[in-house]
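Heads up, the next two complexes both have chain A, just with different partners, chain B and then chain C.
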Partner chain A sequence: MAGPDRHGSGAVSEQRLSLAPWKDRRNLLALVVSMVTLALILVFSATVQGFATRGNLSVILSNSASLAILSCGMAVVIISRGLDLSIIAVMVAGATTYATCIEAGMGGGAALVVTGLAIVAVGMINAWLIAYAELPAMLATLASAMAITGLFRFAILRGEFLLLLPKENPAVQALTSDLLPGLPVVTVMMLAALAATWVLLNRTVAGEIIYAMGDNFLAARLSGLPVRSVTMLIYVWAAVMALAAGLVVSSASGAVDFRTVTNGTLLFDVILVVVLGGIPLRGGRGGLANIVLGVALIAVLRNGMTLMNVTTQIQDVIKGLVLLAAIAAENFLNPRDIETDTAGDL
Partner chain B sequence: MKRTVTTIAAALAAAATLALPATAQDNGMAGKKVIFVPITMGISLTEAWARRMREHAEVGGYSFEVRDAAFNTSIMSELLAKAIADKPDLLVVHNPTVQLLARQIRQAEAEGIPVLQINLQSNQASTGFVGASWERIGREIAEDIVKECGAGTGKSGKVAVVPGQLTAADSVIMNEAAFKVFEQGGIEVVSNQASDWEPEKARQITATVLQQHPDLCAIFGHWDVHTMGAGNAVRDAGKADDVLVYATGGGDSVTCKAIEDGVLDRVWSYDADGQGRDAGTLIDLMLQGARNPDGMMIAESPLKVIKAGDGYDANLCFKM
Partner chain C sequence: MLKATNTLPDGALRRPAKGIDFARLPRQAVPRMVISPRRVLSDVLTRGWIESAIPFLAFLVVAGVILATTDGFFSSSNLRTMSQYVPDGGIVVLALLIVVAAGGIDLSVGSNFAMSAFAALYGFHILELPVWAVLPISVLTGAFFGMVNGTLAGLLGCGALLTTLGTMITIRGLYTVASQSQLVAISSSARYDAAWDYIGFDRLAGLPIGFWCLLAVAVTVFFLFRQSRFGWHLLAVGGNRKAARNGGIGVRRTVFLAYVLAGALVGLSGFLYAARQNSVGSDTGIGMEFFLLTALVLGLGGFTSGRGAVVSVLVGFLTIYFINNAMINAGFRGDLVQFTLGAIILAILMVDVRFKKNLHRLVASSYLDPVARTPEPVRGSEGLMPDQIAPKLAGAEILAAGQVDGPEDVILDRDGHLFCGTRDGKILRLAAPDYREVTVHAAIGGRPLGLAFDAESRLLACVAGMGLVRVNRDGTHELLTDQTERSLFSVQDDTTIRMADDLDIAPDGVVYFTDATKRYDMESWAMDLLEGRPNGRLLSWDPRSGKTRTVCDNLLFPNGVCLAHDGRHLLVASTWGCSVLAFDLQNLRAGPRVLVDGLPGYPDNINRASDGGYWLALAGMRNPVVDLAMKHPGLRRRMTRRVPPTNWLFGNLNIGGVLKLDAAGQVEDAYWDRPDGALYMITSMREHRGALFLGGVTNDRIGRLALPGADEGWTGRGSYEGRA
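Our next item is the complex of A and B:
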């Protein structure tokens, strides 16, 4: 098994379990990102009114819940050396299906089952295109994103961009309420997604195969690992995470908005989180700690800039510069070697 | 034989001309071509406009085509370039920003194609404009906010502005007008961040601002659709009774539903349905050669103020 053997399985397991990825020299980027996040927290706390408050922490958590959940899906895909450009389209398609079901009078549970089945089917189609039709992941998911967006907009929404959700509907209220006082359902969903991702990557055979695929796909396949079945699992996983994020976003804002797919920067934000956290686009490395680090930096940056009344456009510029710096740092800290070069890129 | 065919063709053409309604054959509009390039279809605003303009086209006997840019500004520039190349008799353009299509509007006018700008103006003047007076809306909403939150009301005087895009015509003009009133009325604008017209971004911005300024008095959203996200953030924070949510919009039934649900409090509606009819009338006149020698032909939309509370009237909204 190429992944764990390459760096020594013991070392890799220790790295993923320890929640301190910077112990490994290759994860210096994670150290840099955590230091930057800490510095930002200190600077914002000292200079921005209302930043260092309990209420603001709650806002940071609820505002970053969808981003964290999506990142759990994308991180697993990227660790396996894949890429899912359809994740935002699936997110909005899932929310649309759920909203359409409850509008048709279905209960929350039944709507969730129907939506879940539809979204698993979408994930399986993505995976089939990649694992069996052997299309490059980037192109297959880009095409499916377009197909999903077009299909849902014109067949279900009949050309509309927006679907408003009745917030008084119990199926929507269930998602916007607090599970315990001060503990919103969306925060619980985020924590559950993070925990499930940790279990998948660290406590299952599939997790080991995901790392092996990311480290050297060819070697993983030639050594007899069930890479096709695991690819199915990976893209279904991403689709389910996208659905969870879609429910979080649409229930909070009271709307399903297809412009998130066509015009929004959310896909960029998700990739930004994963790369910033220290998961290389060439796969094979990274884990829960990296996702948490990436989300923390973006969430703190976004919240601080909003409190400082920095315009959305300038926020995008700053995020773009941060991503460029992260990719450059990652390339510098993890220079390509013969093995990673011969294994190919996305 | 050839002569017989020609005679029959001429007779058919004459019969077809006679069969046209009197208005179409006499008014110089019949057979002409109008192209509408909106920011997007699939929203009640543009659908309402297109519906009324299409009705006028049917009566006037001219063709009416829609080229949907689907919220993509680069596609919109391409569609407009193609529309100009098709040499229509009139173009209707819905500008996403004050600058984006200015050069192409100038080009169309230079090539003799009159351009009717609808609701969102460009920096570039053209033959006509139909739409709301954003200056008036910005000023009136700001005056209402001063009345509710300004000096002497006992409120904090804090307001958050949620534009769609800072460079869109409505945002530019409304902010300019509103900020003048705010300055004189002792209002403090604590946030002015664009939502890119997205409800979720508006929600996130508002949730964050509400934490920083729990005594926020009002939110001024520049479009009812994205402002619903802001209104939901206010409701979720349990501040629906403390924070007034203002918006502008085309005033379809969804807006009234949002007011009934307590998501929005006050909406300055420019009545998209009425705007569509105004646009249709202006198109008819422009196709017949009407021009304003002193500048643009302008049809300013009357406003309807839809407020929650005792004076609420659901009939102020139109249905698609």
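Our next item is the complex of A and C:
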């Protein structure tokens, strides 16, 4: 299969031999998650007023756009066995820069170029720390998240938490409008991000190298693959995705809120999407289908719970429990081999 | 150095001499200690605590900058205020350390902290429990969530990062729901309790109660990692899970307990916080895990499991805490503080990662530290050089060819059986009379070098890498000593005997043996020549007390040891010194004197001869280029760094030679093999019943040379027992 569903080299041949692909244990979690999503949709449709409506579907789609775009960035990083904890910080930084640019009177295109350059620079700094300074990805992005948030709040917002967007500005309105009737720009951006991710992972040499790095980083490096430049690409990719998501979020809410960085819920949601979709944190596996699946589950869950008037705190508790259940299930289905497990694997 | 012997006419040297006239021998200068900046650097770099050097330096720099730019940060009032707030994070960072040391991570500490603080407030204000009951409620709350983490990440083996991320969000949600429902009741409670306020606000000996708790926890965790079985298990599991499991440690149980313990500590911290603040807010503990993770990483210099560095982690924590506090005190805005913290952490981590990555290179490039030395010119063997006399060893009979691997020393017992050590750590026995039957007498390991029989006919062996070993007649063996006193002012612990080389036994039973070099192992002894420093020492082991003493430190590769015929002097061959030194056993403090120097080669073992003289093995020959190179340390250092070892300048090890010394130690004859002969690099020889047995440390055979005219009844053993 021209596969969004990627596996380690061994699994592909296993799958071809096997008459019943669902017996492949690696797929079991994805199967379980899709069943759960379907069940949730059925239950919500039956019990929640206004869930199974056309209007709600478009709400789900546009509400999950930012999450899906962020997940595209995060998934690529995680497949390469990295981690980008700064993705929300970059998202907010990008939105801030864009908003400041158009406030200063720039046109939408020029603002986008300036913001894009700034965000690519941020992504390159992240990548440089990981690829050249050789800091562990988790630590580098943890610290850079602090530095980025601090810098942008200090330099641009002068210490404020909140930046309000000029809603009447055409550069903002372009983002909130519909491209075609019933097809908002944000949905198109989401689809574009998903398509770009598919192309990157499945149709480019860099994509192959990303899988190779996730499978065994040392082997990839020893066989002469350009792991450093690909690391650059990966983190710049994540930064650009974060910028896109930032534009979506801020245009929808009309404001940039730095508290999204500190309260951590969005970062948690992104990681939740990637993990529930079936991309393991140790990398090397997963693809577009996993992202879509994860986003679908979280979007449906969020939407259903919001319609049922569940408070954010309880939603958090439920999402946390879902994650724990998913981890336990994954562990039950694919037990880790303690003999091959190393202490560094978190 | 002016030598008495050299003033004699040449012919007088060869005249049979009476014995060793110790008082007339020139003194050998022995340095008290060997100090060089590069050696100190390399020794410091190999110490274990160097790993924490960067965090400590960072702390000092930060403290220095704060001291220079603020006034009053380190005033007693500000320190006192900080000591009230430090324990919260301090205890939790230690909890985090326990988990990380065991190879996990705990992101839920912040939520758990808030939850435990809430539990304490709920117990105190709502349930109105006595304070002694509130503490366990708080600690147990923490431990309960630790148990959840431990069950998932430890017992079930799920990924720790995701598990604790899940519990972090879940607990935070539960906390928010719970605290919002009780907030009004708690803040309107008017309950007052003396013990509660004592814990929150009072001081014991000038410090807040919480600070004492932090100290107690720090000391406990320190000793947990240093002394307790559980702590060792934690470090083993964090260091290498597979090895720990194969070593019989219950990995899953250990990780589980690590999370529970960490949870309990977080609970304690939450209790202290509750007693002090008397309230919780929606932001309690938010961002705590990231702040403390950063502190931990800063202290450990990276995210390293298997290290229980309590002090380093607390230093890292204080560094971050000080930066944060000083900047806020100075009125900087929170966002700038955040940016600075992030940037500083990245900078420190980058330096630290580079440092750790290149540390071994730095050590490798600074370990070898050559020094200029001017060897004594060759003298005393005029007319006896290989090109001047016939190669007498060419007539030697070859024994056990291919059956022995590297017999550094050979020795014969009363019945004429031959014993030798081999490269694979065995003592072989070659049965008299034809020495064809080779059996393993003992397998002791290490690299057996010098051998000697004691009064009870037990074999004592110097074993490189082990020490002094005694092999009983039935083949059993025991380690007599592997350590001596630590030398004064040494950065590195040099108590371990690294390369025990040769030995002899004094009439009073004390064993004198050499530790040829304290700095190199058996495989790299050649580096010691290139270094050219006095790295060796003469040691003694007293069988009565079992004590090992350093008789003389800082000798230049002391090798062969032989008790002189008079039973009073000890001869020690100094290989790189190309000399033989003499010690007076009745006055060891007088130090060594030079019996003979300017030898044409590098002397190895020295043994008695039947005519009252001595046999001296030459492991290799000097050549003028190497002698010249000894004067140029820079050349040798560059050579070891840039030229492959096979192309290094070195002495000629391809020709075998034995010198015959007379009773006064002067060279009177020389026995050479042909340049292509079978006996090269001769490291030992023993005379036995009119024949000379020859061993070589890199050879696979033993030579036997008949000595016409020698005493047919003389044996080495007999000579020691006075029966010669």
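The rule is short, and it goes like this: the second predicted complex is superposed on the first by the 313 of 346 C-alpha atoms of A that agree within 3 Å, B and C clash if a C-alpha of one lies under 4 Å from a C-alpha of the other, contacts with A are read in each partner's own complex, and residues count from 1 in each chain.
Please note the rule applied: a residue touches a chain if its C-beta (ideal position, glycine included) is under 8 Å from a C-beta of that chain, and two chains touch if they have at least 3 such contacts.
Source: prediction; values computed, not measured.
On the superposed chain A, the two partners chain B and chain C do not both fit; they clash. By the touch criterion defined above, A:V249 reaches chain B but does not reach chain C. Touch criterion met: A:Q313 reaches chain B and chain C at once. By the touch criterion stated above, A:P170 is placed in contact with neither chain B nor chain C.
More residues of chain A lie in contact with C than with the other chain of the pair chain B and chain C. When the two complexes are overlaid on their common chain A, residue A:T262 makes contact with chain B and with chain C alike.
Once the two complexes are overlaid on the shared chain, A:R153 sits against chain B and chain C alike. Judged by the touch definition given at the top, the superposed model places A:G50 against chain B, while chain C stays out of reach. By the touch criterion stated above, A:N63 is placed in contact with chain B alone, chain C being left untouched.
Common to the chain B and chain C interfaces on chain A are residues 153, 157, 159, 262-264, 311, 313.
Contact residues of chain C toward chain A in the complex are 103-105, 152, 156-163, 165-174, 176-177, 180, 237-242, 245, 251-252, 286-287, 290, 293-294, 297, 302-303, 305-306, 333-343, 345-346, 349-350, 353-354, 357. By the touch criterion given at the top, residues 40-43, 70-72, 166, 190-205, 207-209, 211-214, 225, 228-229, 232, 235-236, 254, 257, 261, 263 of chain B touch chain A in their complex. Residues 129, 133-136, 138-140, 142-151, 153-154, 157, 159, 262-265, 268, 271, 275, 281-282, 311, 313-317, 319-321, 323-324, 327-328, 330-331, 335-336, 338-346 of chain A are the ones touching chain C in the complex.
Contacts from chain A toward chain B in the complex involve residues 49-51, 53, 55-56, 58-59, 62-63, 153, 157, 159-162, 164, 167-168, 176, 249, 252-255, 257, 259-260, 262-264, 303, 306-307, 309-313.
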